[in-house]
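Letters A, B, C and D mark the chains as written, and numbering starts fresh at 1 in each.
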Amino acid sequence: MLVVMNAHATAADVATVADRIRQLGMDPHVIPGATRTAIGITGNRGSEGRDTLMMMPGVEEVIRVTAPYKLVSRETKAEASRFPVANTHIGGGFTLIAGPCAVENESMVIESARFLTERGVKLMRGGAYKPRTSPYSFQGLGQEGLQYLARAKQETGIGIVTEVLDIESVDRVEEVADVLQVGTRNMQNYALLRRLSQARTPVLLKRGMAAMLEEWLMAAEYIVSGGNRQVILCERGVRTFADHTRNTLDLSIVPVVKHLSHLPIVVDPSHGTGKAEYVPSMSLAALAAGADGLLIEVHPNPSQALSDGAQSLDFDSFIRLYEALRPIATAMNVELL
Amino acid sequence: MLVVMNAHATAADVATVADRIRQLGMDPHVIPGATRTAIGITGNRGSEGRDTLMMMPGVEEVIRVTAPYKLVSRETKAEASRFPVANTHIGGGFTLIAGPCAVENESMVIESARFLTERGVKLMRGGAYKPRTSPYSFQGLGQEGLQYLARAKQETGIGIVTEVLDIESVDRVEEVADVLQVGTRNMQNYALLRRLSQARTPVLLKRGMAAMLEEWLMAAEYIVSGGNRQVILCERGVRTFADHTRNTLDLSIVPVVKHLSHLPIVVDPSHGTGKAEYVPSMSLAALAAGADGLLIEVHPNPSQALSDGAQSLDFDSFIRLYEALRPIATAMNVELL
Amino acid sequence: MLVVMNAHATAADVATVADRIRQLGMDPHVIPGATRTAIGITGNRGSEGRDTLMMMPGVEEVIRVTAPYKLVSRETKAEASRFPVANTHIGGGFTLIAGPCAVENESMVIESARFLTERGVKLMRGGAYKPRTSPYSFQGLGQEGLQYLARAKQETGIGIVTEVLDIESVDRVEEVADVLQVGTRNMQNYALLRRLSQARTPVLLKRGMAAMLEEWLMAAEYIVSGGNRQVILCERGVRTFADHTRNTLDLSIVPVVKHLSHLPIVVDPSHGTGKAEYVPSMSLAALAAGADGLLIEVHPNPSQALSDGAQSLDFDSFIRLYEALRPIATAMNVELL
Amino acid sequence: MLVVMNAHATAADVATVADRIRQLGMDPHVIPGATRTAIGITGNRGSEGRDTLMMMPGVEEVIRVTAPYKLVSRETKAEASRFPVANTHIGGGFTLIAGPCAVENESMVIESARFLTERGVKLMRGGAYKPRTSPYSFQGLGQEGLQYLARAKQETGIGIVTEVLDIESVDRVEEVADVLQVGTRNMQNYALLRRLSQARTPVLLKRGMAAMLEEWLMAAEYIVSGGNRQVILCERGVRTFADHTRNTLDLSIVPVVKHLSHLPIVVDPSHGTGKAEYVPSMSLAALAAGADGLLIEVHPNPSQALSDGAQSLDFDSFIRLYEALRPIATAMNVELL
């Protein structure tokens, strides 16, 4: 940390702050300046003591210097993480996770699983439990939906990515899921994150609607620090003033995450744009930006979908997208998984 | 809802859309225009069918017209809600809720409760369970903290407002709390909201960091529709590009909430600004804007606080604030509670 | 400035950075830490050299510590600025500036001026030149509008606040105006700001739609550093994700501006909210927050207004607002001007 | 437009609104509903009359349905625009515009022009006039800088893209420039846009920091409606809460612009990210997203740059980027220009 004294701070103010820093078990380094004095601090853990120092006479600002995340950081682990999921893996390739927003009935799930498997897709998304803005909206089939997903898996061998909404249902969902999805509204549901840190199944952690990069990595740190190292980050757009897309897809976070963390990151262009017609270009852009994969909504009949139909690709569009991804992946020397 | 056809839509496209609307059990009203045709829809419930229509040939846009919240709306209940809390009430006056961010030990809680009671404050805030961005930060005293709050209540009669983080601890917290606080990160934790809709205790629902007004009211609707009508909204600042305050306190939402909903709304200027020196002016502004009260951080010794010290008022500053509020309340003919 | 080295930086990296800092004519102060080394810099002017240092091997971050504005800062001038405008003054009271969005014809301007003068308002706003999003919208009456304003001034003695859109028209506008208004879209039109720094008339500088506090103060610094010290800041709402108001009125910037700068600041609740019904509560809140005044839209017949009618008060509403402001001003011991 | 009446509106309210619509020369279409009545409007031009209607008794909302831009719209001109610039063209390929942020001296401009020309780049960017946040920062070499650019053009044949800050200097800049750049802070400087609508040189219009898509297209409409059809849009990142990049690069606007407008759009990943290390991945992503080109900062020696050094590529990095773009362009069947 760095304490910046204001222009009117006296020598006595500076000395008092330095003493307080020592009391807190840290080391002050006074840096006199032409108009202001700064005090560098070493030996601190995170931003502990920051609030205390900000209250002292003569102090203008206390600036935090180092990042608070540890286990998810590249400084802790230099090589990119990669882990097996069902009969494929995440990290070090470009992994497609596709499927309907919600599990609506058995046949549409089986139909989707078959279609995707035939196309070489190894992971299917599909929500049995759905978080909905309105208490009056369709909330998912729940336990019944999980059974349909299990049957699709049994029949086709496809891996399952599905959302877990609360601690209560973690065990139930884990019986079926190959990846447990945490939704954007739950990114800082710390009770849930702690429970998932005990799970044996990988977790796909969506970025919160207004999450800073640091908060997102700290949420991942909750899971990793509890023992579950298999965390996949998922950028799905953030909320800004812009209204030409449902959210503002922040692809620039992909290279930044790659720089700061060893965790894999996938992109959800369906929620990111909210319109099926913009999904393909954002999918190609995600691949070009260096993401580790896509989480993408595909539905046998989008116009009949119970939720998010407008942003779901139909099977034909998905095939076209797949064909468009392939040559770019080849050009970039990345394996499509 | 209103369907807007694009400039190239044919008469057949329009007819097909109209048919589909009828199939969905709603009524289409075709409005021919110079360059485009629009189709008004009546008989719809919420935005059901919207996605379906957006996918149809010739459709440019589907616009939702009516608000999806019902029970929390002024259209459902025209008079402002007001309900008793401990030995005071919320709604129809300006209620002060003050106290430390976190319960740190027994003596500071008792000291705070005594100070506030002497000053006429009837409700004390204080977190036993704390949601923290980092898994390595102080997470609150938990059960022990609740006991301290209970003791403070017993000794002084002050009402307790404290946060509930997860379903598991609702029963425990409800034994002590007069108001259950839902934090900003949990505003859309629907499992928790549903559990609280069964509680007998009023709920203070903080606005999410990037919550639209409609989402916030829908979160309240979750609680009210389950049977708990005692919901207090709390504006605590939203996340924007601005960095001169910790969050951007959105006071303009106060009159809008008052216009659209009968629920009371209080303002948290401590999280809203993040700096104790800006809390008093934002408190006065909240009163002038028509809020029903304040949720405000006060600490016996802010520079020693374990969390959020920089935004906590000390006792002297609180007294000065109280003295500044009083004449404005009088001028506005509002009772300070 | 403070240079933070990354965890892998070598002693040689640190030495090279320190040398470079000396070459740039500044002084390095090396602060060794447990995991990272930091280098405090003194003797720098602003953030000069920052980019250079950020590119060097081993450097993680370069943090700017001091504010770049000088003449507008409280550190330069401790007392709040106050200057005469027409037959009143700005600063040290609560000054009302009211009137129509646009000058539409002579009679409405005269009618407005008479109404306001009778009510004791000393400054009238009204745009002759209007910046419009669409090239096809009404762009203001221009020169003709200025003449109407001049006549209103002549007849009633009211001071005139009117917008200047470009360098070309500054002379013309200055003949009539007592305050030159710079619109939100022109806040960083540096050519215009430089021209206004030569003007003899006070300038009201609206905050840009996405302006950080620092950028706003720097824009004011452009005007003041060129010789025109009479700058009035005007908060008019910023652009965020929120859609319940036209913009998000950031009242919290009022106390922050007061803390950092000696310039007066007024609030425009009309553009801030975009709806006449929310203007009164935000006006009272601005007063309570410590602003130096209001810029507010009043129109003899809002439903016939050529622009911004929805956010304009009619005369009766303005009278009610005035009556509501008065007791609060008294309670706060502030003079209504 | 669509008028939505509130739940308490009477039949008389509805009739009065309908009459007013007729008076305004438009046609009302009343759509009765279960809880509310809506009134569709046809025959309107843009949103004229909207404010008037919003003020009427019983009116809840007035929703604008059609887009206000005309000449820049795909509905007006279905084929994508493409126009020649210097010895290349913009539109229908992927055009690279590279070079230093600012013209610093003659040798660096010549050196840059030679380097780029050898690599096949046909357009060089470089600012002679620089808009700077601080009045105390380097403001560009002005006229002298233009001469250096002219010499670089003469020697290498490279086309010149350079910024124009104000009306006064348009003629001077046009003598040298092949494309006139309008900076982000000037996107709504309508006086400047109007002047440029008279220019014979293409205009590159950067998106404002908080510009909605519609406002951006309307700014382009200012230029096109005045007679200059050669407008190139440039996405350069918008301002959001996120702090991991300098701005938030909004690549999703590329396919949306392509859908709504025939104008070409290029991407500036240098300002978009603010860090040279993230520029390559965002450049590849821009190509994959369907942009018509890049505006990118390249400097012979970024660590010595007078402005924006941290976001400038050095020559070697630019070569690597170029080599990375080539196979993706081939895979996408797009010509690198």
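One rule holds in what follows: contacts are C-beta pairs under 8 Å (C-beta built on N, C-alpha and C of every residue); 3 or more make two chains touch, one makes a residue touch a chain.
Just so it is clear, the model here is predicted, and its values are computed rather than measured.
Visitor: Among the remaining chains, which ones contact both subunit A and subunit C?
Guide: Common neighbours, subunit A/subunit C: B, D.
Visitor: Could you give the separation in Å between the centres of subunit A and subunit D, each centre being the mean of its C-alpha atoms?
Guide: 30
Visitor: Distance from the CA centroid of subunit B to that of subunit D, rounded to the nearest Å?
Guide: Computed from C-alpha means, the inter-chain centre distance equals 38 Å.
Visitor: As a quick test, compute the distance in whole Å between the mean CA positions of subunit C and subunit D.
Guide: That gives a centre separation of 26 Å.
Visitor: At least two other chains touched by the same residue of subunit A: list those residues.
Guide: Where subunit A meets two or more other chains at a single residue, that happens at 210, 238-241.
Visitor: Chain contact graph: line, ring, star, complete or other?
Guide: Drawn as a graph, the chains make a fully connected set, so complete.
Visitor: List the residues on subunit D that touch subunit B in their complex, please.
Guide: It comes out as residues 2, 4, 6-8, 29, 31-36, 38, 40, 42-43, 61, 63, 65-66, 75, 210, 239-241.
Visitor: Quick one: in the complex, what on subunit D touches subunit A?
Guide: Touching subunit A: residues 210, 212-213, 238, 240-245, 248-256, 259, 272-273, 277-278, 281-282, 284-290, 327-328, 330-332 of subunit D.
Visitor: Please output the residues of subunit C touching subunit D within their complex, sorted ascending.
Guide: 46, 50-52, 54-56, 68, 131-137, 165-168, 185-186, 188-192, 194, 208-210, 214-215, 218, 221-222, 225-226, 238-239, 276, 302-305, 307-310
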